[in-house]
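Please read through the structure below; I'll follow up with questions.
The letters A, B, C and D name the chains in turn, as written, and every chain counts its residues from 1.
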Amino acid sequence: MHEGRKINVGVLGATGTVGQRFIALLSEHPFFVLHALGASQRSAGKPYARAVTWKQTKYIPAVVREVVVQECKPECFRGCEIVFSGLDADVAGPIEEAFRRAEFAVFSNAKNHRRDPNVPLIVPLVNASHFSMIPQQRSLHNPPLQKGFIVTNANCSTTGVVIPLAALEKAFGPIESCMITTMQAISGAGYPGVPSLDIIDNIVPYIGGEEEKMEWETLKILGGVSEGEDGRKIFDMHARQPLRVSAQCNRVPVIEGHT
Amino acid sequence: MHEGRKINVGVLGATGTVGQRFIALLSEHPFFVLHALGASQRSAGKPYARAVTWKQTKYIPAVVREVVVQECKPECFRGCEIVFSGLDADVAGPIEEAFRRAEFAVFSNAKNHRRDPNVPLIVPLVNASHFSMIPQQRSLHNPPLQKGFIVTNANCSTTGVVIPLAALEKAFGPIESCMITTMQAISGAGYPGVPSLDIIDNIVPYIGGEEEKMEWETLKILGGVSEGEDGRKIFDMHARQPLRVSAQCNRVPVIEGHT
Amino acid sequence: MHEGRKINVGVLGATGTVGQRFIALLSEHPFFVLHALGASQRSAGKPYARAVTWKQTKYIPAVVREVVVQECKPECFRGCEIVFSGLDADVAGPIEEAFRRAEFAVFSNAKNHRRDPNVPLIVPLVNASHFSMIPQQRSLHNPPLQKGFIVTNANCSTTGVVIPLAALEKAFGPIESCMITTMQAISGAGYPGVPSLDIIDNIVPYIGGEEEKMEWETLKILGGVSEGEDGRKIFDMHARQPLRVSAQCNRVPVIEGHT
Amino acid sequence: MHEGRKINVGVLGATGTVGQRFIALLSEHPFFVLHALGASQRSAGKPYARAVTWKQTKYIPAVVREVVVQECKPECFRGCEIVFSGLDADVAGPIEEAFRRAEFAVFSNAKNHRRDPNVPLIVPLVNASHFSMIPQQRSLHNPPLQKGFIVTNANCSTTGVVIPLAALEKAFGPIESCMITTMQAISGAGYPGVPSLDIIDNIVPYIGGEEEKMEWETLKILGGVSEGEDGRKIFDMHARQPLRVSAQCNRVPVIEGHT
């Protein structure tokens, strides 16, 4: 594939810290071409380098410096097959749905659709099999979608945990219970994120919603895809071998890298 | 005075970090009684302990825990002779003026009136003589005020600098030039203030407006009060012995205490 | 007791960070009088304020500033009934034994005797009953000691954990297993302790020996004192209800206060 | 030169943080080949990867991992034309002199010879002309050296300052006075270097010897090379246009990068 042709992709929420990371990685990717960048109305119309407050270690990739930022509307992303969404949770829901309806493949870092019973929550090394849910997701539209779908990634903390858990389950069989303690970097909270007055010479022993997310997402990812009585596919949440997950999440004064 | 009677005082902006510091200090003061607390409409009507996100090292003084927060209107502060203002600069201007007009003595930590040619910028050890401007300030109202006035303190960085400069001038005569480099704690930026992503493992070599404030305020404080041609008093900005002040202000990852 | 008379006490290792903490606390204690301070030969003979590199938040207590530091020999501590040892582990063992033999009550923060089968490892709220081991400890000397003994405290991390565990066991019966994750402040490593290059913008996910200490000490403290077949008392290490303890200890860039 | 042949070089003090930095840079250098590594007797005989506690961001260069560390004696560095010295100041003096005597070109980061009246203190963009002192340095040996010499770099803080000062002098003529305030990273203090208890949530407003070094080195570097009455060359320390330098050096909790 990557020899024959490259794939045009877009980034939603391109000026945020997640969008910046998408851009930094995609700009060096062998298969993908950054074709369109979307952000809020405030940024739309400006060259990317002027619209963004760049917070990454490496410089803004030259290839996007002069790209004019668009609004996050499907008609502005013509020519893209895939969009990566780094949108904030307060706007991601309906925008990602509009892109799906317009037949884009949407890969989202936002939490909005993670709990959707038809949206796979994918950690590639663990549950690529969950992509099998996509046909059912498309069939819920009228007429059914041909190419559009939404797939989300997992919370950053969950991702690091399910990989070894999946390996342990593969080797030794179902796990019954699991206690997780995280020490998470401030970059995970975005920008401006954690006020320095709260975290310098301190740890913050609670991250709102994070513990609950880790417990719920771990079950969705490690569980299988079953068929319900009505023939519809469902994520079974590890139901046949109940798995108790207990997470305790802490913020620590480290810039990057969760533990 | 403090034997005969105590003075009722109020705090404007009581839920902010400056207001909290006023309350922590005033609650233990031998002359003053905390009589009224004012904050935004959002906080008004709530007991202080519920309205505030307390950020001081010591606990909320018991004496204010149950005090119901008022709006920042003069009629809510009846019974106070003095109000201390920890208001944000975006609202401090007109509120402080309303309290002056209502015959309150207003001592403000906000920057709004620091440059007012009739408002003294006081550092008690240095220029208490500038209080002599108050009668002129009152006379500008029609009818002239009897008791109301506004006095401001100086920027925290300026305060630390003018004290030794005044001592040097007293000992050796006028200074010609002065270079200042500060390393300022994050608490000076309020809350949420400096994002932790900006300051952990870093210094921020610029604080917006701070350098200009230090240069300007230093001249106002170290200068005298002269009489203009029209008989009006003016702050002479150290004009007879021009003093060049050059400040370079840095934010450092220290919670409290400027250097 | 504290009304009738006060007790003279000494501090071993008085110039170290633990010794400093002993002194800060004892100088304000209602029952105790700081009577002698001991440190290495290098410090002996100097007034305390000159011998010490004081690292506490509060100032050196006035009462010890001029006290001349002694060597850590029993004959230098005449007049003391109790000595508190903040000695480094590399010298604490034989010095504390010498003081016991000279009939001092030795309360030690050092780890050297924590595993001694006749030395109680006391967390006051949890296992004060272990003081019952002291007569046996004295009887091992020839002739038996009249007043001398050694008691140690637990590792700082262990102390915080066994208190709630003991409460849970009291309420619900024996615990079977327990997973502990700590985030420990740098002050616990003494001075100079953790190099700043290792811990700024970082956590250090291992503290040598700490995990093993927490696992072992927890069993000694939560277990009872039984009688062996030969009639001798033994710490039973929670043997009747085996308790599995798993600790994972991390150093975090926080000055004081373990989590 | 770099096309025709590469130059074999050695590193003295190869296991220290300065030596590590030399190795990281030299391993990617187009002209130089890392030929020999020297360290203390404790490390000598071990493969470099086992002898070193590597503290750099990048991995140990593959090319040195298996190189056996030598003692810092000239006979162990046969085949090298140049040695770079990252030795600690407490041993650098005589070792570097031994290598000079053995006809090596010694480039040193140590402070020991910086004040030597025959050793240039070079900041390449500023005073490459000072290399003209080398013939006189060689001539002081009996018989005169053919190839050996010592050149030192400047203190890290001095280096950053003299470059703009030299540019200013070039554009506007001699500077009369100069005030310097530094905020220096902890990496400059080596490893273990600054204890974390001293620098977290703090700045340390004094670095022993640093201010004096900046003031002295700046004069040596910005000054010229003159001829004394006896025909010998001397560094004139900016003597014809006296330059007053006042430095105030602070340590800040930043890992890398002085300000």
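General remarks:
Note that in this section contacts are C-beta pairs under 8 Å (C-beta built on N, C-alpha and C of every residue); 3 or more make two chains touch, one makes a residue touch a chain.
All values derive from a computational prediction rather than experimental measurement.
In summary, the interface at B-D recurs among the listed pairs A-C, A-D or B-C; the equivalent pair, sharing over half of its contacts by residue number, is A-C. Annotation: 47 Å between the Cα-based centres of chain A and chain B. Residue positions of chain D touching 2 or more other chains, listed in rising order: 200-201, 253-255.
Chain contacts in this assembly form a complete graph, since each chain touches every other chain. Listed in rising order, the residues of chain A touching chain D in the complex are 200-201.
Partner chain B is touched in their complex by these residues of chain A: 55, 186-187, 191-201, 253-255. Contact residues of chain B toward chain D in the complex are 179, 181, 183, 201-203, 205, 248, 250, 252-255, 259.
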